[in-house]
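Both of the next two complexes hold subunit A, though its partner changes from subunit B to subunit C.
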Partner chain A sequence: MDGQLLAWWVLAIVGSLSAVMMVLSRNPVHSVLYLVANFLTLVGIYFLLSAPMMAVVQFVVYAGAIMILFLFVVMFFMSPEARRWLRPEIKSQWVFGTLLTVMMLTVVYISLFTSGRVNQGELEMGRPTIAMAGAAENPREELGHPAGLGVRMFSYHALPFEIAGLLLLAALLGAVLVARDERSEGRQHLAHEFEKAEEAVAEEVQA
Partner chain B sequence: MIDMVVNSVWLAGLMFAIGTLGVMIHRHPVIIFMCIELMLNAANLALVAFNRHHFSPAWRTMDGQIYAFLIIVIAAAEVAVGLAIIVALFKHRTRVDIDEINFLKR
Partner chain C sequence: MAEIFTPQVVNLIVRGGLMIFVLLTTFAYLTYTERRILSFFQWRLGPNRVGPQGLLQPLADGVKTALKQEMVPRKADKVLYFLAPTLTLSASFTTFALIPVGEQVALSSVPVAILFFLGLSSMAAYGLILAGWSSQSKYPFLGSLRTCAQVISYELALGLCLLVPIMITGSLNINDFGMMYRSENWNWAYLVVLAPAAILFLISSLAETGRTPFDLPECEAEIVAGYHTEYSSMKYAMFPMGEYIAMVAMSAMVVHMLLGGYHMNLGFVDLTYWAGTWTAGPPEAWGWGAYGDAISLTGKGFSTTMTFIVKLFLLIFTFMWIRATFPRLRYDQLMRFGWKWLLPATLVLIFATAILTAIIGPVQAPAVDSAAQAAMEVTLNARH
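What follows is the complex of A and B.
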């Protein structure tokens, strides 16, 4: 077993354990932190799969930005006495949830196992090793090189890129619209009504 | 090295299943949302692993990593909107339970 495979196993075991702990944890803040740990192990696995650009994006966007959002929501809006909601109300929810998950995992693994056996010859024949994946005359053609990714992204995948940008804009506006404070608008409305009432009273007094 | 690629796909399946388990046994929307993020990341891991598998000197493809990148963008948009909806729910209700949230309009 070489060093990279050993590192992969360490990362995979830590990642799986943190994912399980995220599901089983009773404290939502602990859940967020376990998920961050899982994403950080994914960063390492992306590096091992020669995807350095993906690893950095995972680190900055997922483990950084998105999980901070989750942490903010949990810390702002979940009071300690809200813990009781974390328990399933129906006792059999655990049983059926676990049963369905095991069934799904079995189906996925059976399909992986059979397809792995079918492709075994292809797997062992002439597929590039990690060392070979980096060996190109032009470094831009190495797997996961940011320059190569950028060229491909802005030429062949330009339309999905533009659509993703539009979607981000729409999501930004939608998030502001949904989460805006309607109570302050209610107060403004009330103030407006108040002004009208005052005007009416003033008119009556004048009359 | 092939070991690592194949193992990564198995790990992606396991992570997806753990995310499914969390979605099914939890009742709090934020936790369920986090489990959905875990499932998205499992799909991303599978994409990157398959990209590593199919990359060869004859066919220098990076499309799997680009798909994973676009999925991260979509996930960021989804998190922004989803957390906004959850924040709006927290503002209007004292009790936020996924079993009781069956309409979004007051």
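What follows is the complex of A and C.
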């Protein structure tokens, strides 16, 4: 058993366990942290697949930035005193959950094996080899390399990339619109009017 | 298991251990230095009783902290309460696995080190946030909410500032930043964007590490001690430890960005390898073989490391100087400054860098560095 394989087994076991615990945990803050742990194991697995760019994006964007936002929001709605543990709201929720999981895993496995990227024999040996399809001679053209990713993003995938950007912008504007507090804006307007009126009165008094 | 502990791995473990030891000592003496420097700024003497000039003060502080009574709040979320300081500290230590301190004196050469650096700084923030939440008490909770918002706001500017040297060198490897400062690559026009980028980076790193003008997470006038109110003894000490080491890491990044990294290029003369031939590794006769690499600072390594350390301490002094000079911001000022001033400024800077690199052209660094890296690996393998 070489170091890489050992690392893969550790990552795989910890990752699966944390994923399960994320779903089972009743405390939302714990759920967030299990998800972070899961993302961190994914980072390791990407590194083992020699895709450093994917690994680091997973680390910075998901495990770092997005999960901190998650934690922030969860903490905002759950004060430390009022321990409002989450309870399943739909009866026999877990049945549907399991069903959905099985369905999704089936789709993933079928697509993986039909795409020919997984070597069946090696998988049975427990060796995590997913051949990186299209690994070019030049590392700069590889998708795992930042430069390669950038070139792909702004040439082959320029249109989808821009569309995704536009969609995010729309979502952002929507969020601003939802979060806008019209009442307080009205109050500010009123305060401004009062100030103007007061100034006018002061001027009149002086005159 | 023998295959796992190959000489390379043992070498790395020894180097890592050495790095941690150096960092811990640095932390201990930084607390002393900061106290002394702050007192000189404030026209007093500071700790000068324990040992000559108070030099044994960190030791006394350490013993005192370790022997203090440990208190754990009854309602605390025990696991997270213990996890939080560990997380902060280990994330801060791990940053140093990415930062080269001299030519070929580094624990790793990750091609995407800068992104990793950013990720680790948010991992450290998890510790602060969880510390406040797991204490299950009001003030720490408020402190952790503040930390959360502050880190989210300033991380953006922090990352965007790093984009400037990345655009110039065309590489995400911190080692390649040094290539920018070699005489043959250097162009004074880079300073136009690098200097403001480094200054903005410094400002946002103050906020990211929660140091003085931005130390609202532990604002004692409003929320007692913020996220670490309920912590005592060594578990408390781990927070300032993490903070100081994060400060050293941020200073190291500024050195790599603006001050020429471990190179000493004065524009007309390159003194980088001034003492390059002074030292060699441990003598072959000691029979350490490949393990000797772990502690040796051979050849160029020595002079470049010394250059780096001098620059590093200049910057750490700047951090302390800022602490002595500026009062703490109000929370709304902090947010307004971060979003309405710092972030737009960095965006303008990135635009300027794009124009500059289009005119001058980026540095062709990576090829040089990967050659050096390959050479190092060859020598390592040859010795085994």
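Here is the rule we go by: the second predicted complex is superposed on the first by the 118 of 207 C-alpha atoms of A that agree within 3 Å, B and C clash if a C-alpha of one lies under 4 Å from a C-alpha of the other, contacts with A are read in each partner's own complex, and residues count from 1 in each chain.
We adopt the following convention: a contact is a pair of C-beta atoms (placed from the backbone, for glycine too) under 8 Å apart; a residue touches a chain by one contact, two chains touch by 3 or more.
Please read all numbers here as calculations on a predicted model, not as lab measurements.
Contacts of A:Pro146 after superposition on the shared chain: subunit C is touched, whereas subunit B is not. Shared-chain residue A:Met53: touches subunit B and subunit C both.
Contacts of A:Ile45 after superposition on the shared chain: subunit B is touched, whereas subunit C is not.
Touch criterion met: A:Val36 reaches subunit C, while subunit B stays clear of it.
More residues of subunit A lie in contact with B than with the other chain of the pair subunit B and subunit C. When the two complexes are superposed on chain A, the residues of subunit A that touch both subunit B and subunit C are 53, 57, 65, 69. Note for the complex: subunit C touches subunit A at residues 3-4, 9, 75, 77, 80, 110-112, 115-116, 118-119, 122-123, 125-126, 129-130, 133, 135-138, 141, 144-145, 148-149, 151-152, 155, 170, 172.
Of all residues in subunit A, only 2-3, 6, 29-30, 33, 36, 52-53, 55-57, 59-60, 63-65, 68-69, 71-72, 75-76, 79-81, 145-147 touch subunit C in the complex they form. Interface residues of subunit A facing subunit B in the complex, by the touch rule stated above, are 4-5, 8-9, 12, 15-16, 19-20, 22-23, 28, 31-32, 35, 38-39, 42, 45-46, 48-51, 53-54, 57-58, 61-62, 65-66, 69-70, 73-74, 77-78, 82, 85-89, 93-94, 96-98, 100-102, 104-105, 108-109, 112, 116, 123-124, 126-130, 132-133, 135-136, 141, 143-144, 148-149, 152-153, 157, 160-161, 164, 167-168, 170-172, 174-176, 178-179, 181-183.
Across the interface of their complex, subunit A is touched by residues 1-11, 13-22, 24-28, 30-31, 33-35, 37-38, 41, 44-45, 48-49, 51-53, 55-57, 60, 62-63, 65-66, 68-70, 72-81, 83-88, 90-91, 95-97, 99 of subunit B.
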